[in-house]
Amino acid sequence: MKLNRKDILSIEDLTKEEIELVLKTAESFKEVSERDIKKVPTLRGKTIINLFYEPSTRTRTSFEIAAKRMSADAINISASSSSVVKGETLKDTAKNLEAMNPDCIVLRHSFSGAPHILAGLVKCSVINAGDGCHEHPSQALLDMLTVKEKLGRIEGLKIAIIGDILHSRVARSNIYGFTKLGAEVRAAGLPTMMPCRIEQMGCRVFYNMEDAIKDSDVIMMLRIQLERQNAALFPTVREYSKLFGLDSKKLEMAKKDVIILHPGPINRGVEISSDVADGRSSLILDQVTNGVAVRMALFYLLLGREL
Amino acid sequence: MKLNRKDILSIEDLTKEEIELVLKTAESFKEVSERDIKKVPTLRGKTIINLFYEPSTRTRTSFEIAAKRMSADAINISASSSSVVKGETLKDTAKNLEAMNPDCIVLRHSFSGAPHILAGLVKCSVINAGDGCHEHPSQALLDMLTVKEKLGRIEGLKIAIIGDILHSRVARSNIYGFTKLGAEVRAAGLPTMMPCRIEQMGCRVFYNMEDAIKDSDVIMMLRIQLERQNAALFPTVREYSKLFGLDSKKLEMAKKDVIILHPGPINRGVEISSDVADGRSSLILDQVTNGVAVRMALFYLLLGREL
Amino acid sequence: MKLNRKDILSIEDLTKEEIELVLKTAESFKEVSERDIKKVPTLRGKTIINLFYEPSTRTRTSFEIAAKRMSADAINISASSSSVVKGETLKDTAKNLEAMNPDCIVLRHSFSGAPHILAGLVKCSVINAGDGCHEHPSQALLDMLTVKEKLGRIEGLKIAIIGDILHSRVARSNIYGFTKLGAEVRAAGLPTMMPCRIEQMGCRVFYNMEDAIKDSDVIMMLRIQLERQNAALFPTVREYSKLFGLDSKKLEMAKKDVIILHPGPINRGVEISSDVADGRSSLILDQVTNGVAVRMALFYLLLGREL
């Protein structure tokens, strides 16, 4: 079975069935990364371009490893070494890359909507690897895979997402995804961190962390982007941490078997304490492992031939 | 058949027969990039090093994709991450890379003549991917391929090259190439942009764009390098654009079926207007596609085994 | 036969037998890089991550070429493009990379001991590609291979290491290595360049270059790190060069058939004169060639399957 679409731009676009297909396919690819010989010939002769306009270790590496384990050729382009310094527009970069006949372009860009523009310009597949404050669909898919794997289902669960929802593409993708699969999503953070009309995305809003996590099955902590902290969303890091950081004391208010997610990189002692991040409830590293499997699945579903 | 030379350093060096061999070989490789499985095993086990001392998206990516589609191993080295920061000379870098037994080094360097120096130092093949204001032979080869493909021949054509001829390695390589294949090359630009003794390269000089393009079969626009514009070649960008930029009004003075080339990245609204760049006469993206084929051909002719 | 260890962190850790196994294995891999098809399928499906927190051409390229010639997938991560800019700790980077199931992480880091920390955190193999002023084991192994190849043995030889011993990870690894294989190591440099208690590492100390090289079989010149020269180890480069630089005049005091090593990149005219670096006694480029073979051997011994 194949996804009947060219691109993966957002979770908002995907149907419940499509999300489930990706998760099921990813599950079957997990085993490849556990083999002695971590490679399948499925995408031999395919060209995948990682076009990253923002720095990234884990996401770029995850996509690159996924491509190589599928035997595709992976080409990395980062903004600093590219024609971007010569002022080329995204459109021209896109058309030029397309002219080299890639099969897929994986795009990370600081502007929301950039992957949609790209997808409209090129015949090859486009995967959104994070665009501004909009979406990060492969992250949400790996989060859903991690929850499903651990708890056996997603429907009926309560998922608390804590932090700067407004600026988080991870939060946005996850709100769409978990809601579509029948979970209740709870968004918690300071009022300055909450998108207006967030209730229309289908989630409940909390301005108090305790209420949000009390009977939740999953707590997803968002990264506070200290390096971009010029928006003055909160008075001090210490104060934020006290209100919305997750430490063992706050964790006591949650269910015993709650699971904890974080998209990384984590700020230890800011949005999550070290004991919680490294504790038995944390699935942070499972998320990373599942990231490779999800990306292999996306490449397969977009580019793969029928078996 | 094989090129009977170790390196591709300039078009000036190549004979008409050698150029024709490259073009013919490139034509046969175009099909590989259109396949479902874009890969041939021809250069398996060959090591190709892309050594780029200047930033580049399209050229580096094009060489890398070409190498990978031929199944060679491609290694990228860019100046910023390299020993260059430790002040190593090009000679020492060359000898050190050679000691790792590469089969080919693709060099881009801001100093004219750097690839010739490199080629004299190493036993492996060297391809000039652009050196200072000197030559950019693979670009000229892809330009010739594009023209030949579209118009069926090169001999007897009139090729107008418009812009800063003096500082353009693309112009220099194309003047040599098209002249060797029997075309008439016309160079047009401000007097400050014209090399002295350019007539001895075998081309006609125009200081007026209209005269140059009037009955030309091909118009090749050069990039104005705004980011290096400290040489004060012209008073203002607007004035340059008015005199030597190509827009639909100037295009009316050209032949109906004229074709338009540009090495990219283009400055929309400066040397070329958007409607012309994206119009039906423009072959700018065909050039990029042909770039991969030309580079596959060069790798094959320099490194390939007889079939 | 296989190394019975997970990591290569230092020469201090290795036994004489282990060092000899690496050298013997490397000798057998040299031939692969001289073939027409420089590739063996041995490590197909293995993932090797080059994690470089310091700039490097030769070492990163050498590891990458070694990985690719063994058919492994090589992933490059450099500090500038990585999550390091977001302030992630080495531990978190390590655990995240591990979660993607690599088989080996090659780490270069400015902090001494960083690879040991990494190795303790991850299940996959770790190779130290240079850590601060501590060790650079693959460099010492290639140095030993070069000497053994040229002089037929290491036991009983006299090895003079000249320069800033204190800050040199190359020196430290070589002192351990050559001493273990039964050579006499002589360290020569200014008193400010000598570690305290260096005699306990098993080597003789000289503050005069002539005495150190007089009857030595090997002279290993260390790089003066001009770009880090804020420690004021010596008054002027010229004075250092006069005292401890190797030129043809000083070379006359050495044995006729002495061989000269340098880890590169060399500062011509500082620690070594050009005529000596390029002269018949110099094995500097053989070292680079042997570097690829040693790294292939390390990958093979750590990751390879029994034949």
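Letters A, B and C name the chains as they come in the text, with residue numbers starting at 1 for each one.
As a convention for this text, a contact is a pair of C-beta atoms (placed from the backbone, for glycine too) under 8 Å apart; a residue touches a chain by one contact, two chains touch by 3 or more.
Note that the structure is predicted; figures quoted are calculated from it, not measured.
**Student:** What's the call on subunit B versus subunit C, same or different interface residues, using the half cut on shared numbers?
**Tutor:** Subunit B and subunit C contact each other through largely non-matching residue numbers.
**Student:** Since subunit A and subunit B share one sequence, what rotation angle in degrees maps the C-alpha trace of one onto the other, as a multiple of 5?
**Tutor:** 120
**Student:** Rounded to the nearest whole Å, what is the centre-to-centre distance of subunit B and subunit C, using the mean of the C-alpha atoms as each centre?
**Tutor:** Taking the mean C-alpha position of each chain, the two centres sit 40 Å apart.
**Student:** Tell me, which residues of subunit B touch at least two other chains?
**Tutor:** 80
**Student:** Going by the contact rule set out above, which residues of subunit B touch subunit A in the complex?
**Tutor:** Touching subunit A: residues 33-39, 52, 55-58, 60-62, 64-65, 68-69, 78, 80, 226-227, 264-268, 285-289, 291-292 of subunit B.
**Student:** Report the residues of subunit A in contact with subunit B in the complex, numbered from low to high.
**Tutor:** Subunit A residues touching subunit B: 44-47, 49, 73, 75, 77, 80-89, 92-93, 95-103, 305.
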